[in-house]
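Structures for review follow.
Here subunit A shows up in two complexes: once beside subunit B, once beside subunit C.
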Partner chain A sequence: MAGMPPVDISKLQLVQELEIEMMSDMYNRMTAACHKKCIPPKYKDAELGKGESVCLDRCIAKYLDIHERIGKKLTQLSVQDEDLMKRMQTEQQQQPRT
Partner chain B sequence: MSYNKLSELCFKDCIWDFTSRTVKAQEDRCALNCMEKYLKMNQRISQRFQEFQIIANENAMAAAQKSGAIPR
Partner chain C sequence: MDPNALDFASLRNFKDFLQHFNVMSESCFLRCVNTFNNRELTEEEALCVTQCADKHVKVNKKVMEVYIEVQPQIAKKRMEEVAALQESLEKQNKSSEHSEGSETKKS
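Right after this comes the complex of A and B.
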């Protein structure tokens, strides 16, 4: 990473902290969601059943997959929005001149 | 931290009978099983999550190397 431009370390730290916070929030939500979907509220046994384990594995894989897809779509939309805004701004600036 | 959440969850799932103020043996068993199961579930989830993270990291590194951001 020698070729990297000098970055504000405090800013980088802030971004990292935010990322970690978001990750742990996502993790907690995922745990709650998969618990709700995979573990029936009958606790006759303290062990995870085979079906429950498989369900959890799939639930996590799917949750993370959806998380990624939605993130991609959101960034895509925000990029589109930004482009649109820029175009509108330049158009507005050009209008009074013509 | 998750102690409170665990109490809430297992209480909600196990305690339905409010005709008596003492905890029944059945309710006690249910709540303890609920706790143990939840902890095991957490273990499994964190393991799978870590696996996913490692793979995602590797993919990101490979993509970065491919695009030439990191030499070698």
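Right after this comes the complex of A and C.
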């Protein structure tokens, strides 16, 4: 994943822990968002209605789709940024020689 | 540069990046998705999400630009205030020492 720092094996565990923490954060946000979208605040019944079930199903699918799309976009952008930085660096290195 | 510090900074950056990513996903989802007729995103929703993501990135960039410009000015002002306060405290101490010294001479 772009944006990941260059790490040795000892730091890899930290990075993995961070990824897990962020996955957990994403999960919590998704739960809260879909609850907000699909469950009306009037709690007539403890059981999930069919409409609510279907809504939750589709909500989660959409959320994960969005999460994936944004991930790809951010990765693409940070790769572009990295390329730009590298090009700028090589240009700066070349300039004093001329 | 201390390699541990560099790793810590890049880990922090990575954590901020991931956090920002999660916040973006949530925000764009809440704003753009209002129908649940299908598991797939509609074209309209997909377009909304793309635009939302771009906007977030640009907002973040703008915030950083302004912060980098304004924050040092505020920090400098605070430092000047602290320095002025310290100076006045030192003057107070010196004048109180001077008056104590003259009192001891009298006794």
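Basically, the second predicted complex is superposed on the first by the 88 of 98 C-alpha atoms of A that agree within 3 Å, B and C clash if a C-alpha of one lies under 4 Å from a C-alpha of the other, contacts with A are read in each partner's own complex, and residues count from 1 in each chain.
Convention: a contact is a pair of C-beta atoms (placed from the backbone, for glycine too) under 8 Å apart; a residue touches a chain by one contact, two chains touch by 3 or more.
Predicted model only: the values in this text are computed from it and were never measured.
Looking at the overlay, does A:D57 come into contact with subunit B only (first), subunit C only (second), both, or neither?
Both partners, subunit B and subunit C.
Output check: A:H35 vs subunit B and subunit C. Expected answer is one of first, second, both, neither. What do you get?
first
Please work out whether A:E47 is in contact with subunit B alone, subunit C alone, both, or neither, and reply first, second, both or neither.
First partner only.
Check whether A:G71 is in contact with subunit B, with subunit C, with both or with neither, and answer first, second, both or neither.
Once the two structures are laid over each other on A, A:G71 reaches subunit C alone.
If we overlay the two complexes on their shared chain A, which of subunit B and subunit C does A:I9 touch? Say first, second, both or neither.
Once the two structures are laid over each other on A, A:I9 reaches no partner at all.
So which one touches more of the residues on subunit A, subunit B or subunit C?
C
Which positions of subunit A sit in both the subunit B and the subunit C interface?
30, 38, 57, 61
In their complex, what parts of subunit A are in touch with subunit C?
Interface residues on subunit A, with respect to subunit C: 3-7, 11, 14-15, 18-19, 22, 25-26, 29-30, 33, 36-38, 54-55, 57-59, 61-63, 65-67, 69-71, 73-74, 77-78.
State the interface residues of subunit A toward subunit B in the complex, per the touch definition above.
1, 27, 30-31, 34-35, 38-39, 41-48, 52-53, 56-57, 60-61, 64
Which positions of subunit C touch subunit A when the two form their complex?
The touching residues are 7, 10-11, 13-15, 17-19, 21-22, 24-26, 28-30, 32-34, 36-41, 45-46, 49-50, 53-54, 57.
Which residues of subunit B touch subunit A in the complex?
Per the stated touch rule, the residues are 9-10, 12-14, 29-34, 36-38, 40-42, 44-45, 48-49, 52, 70.
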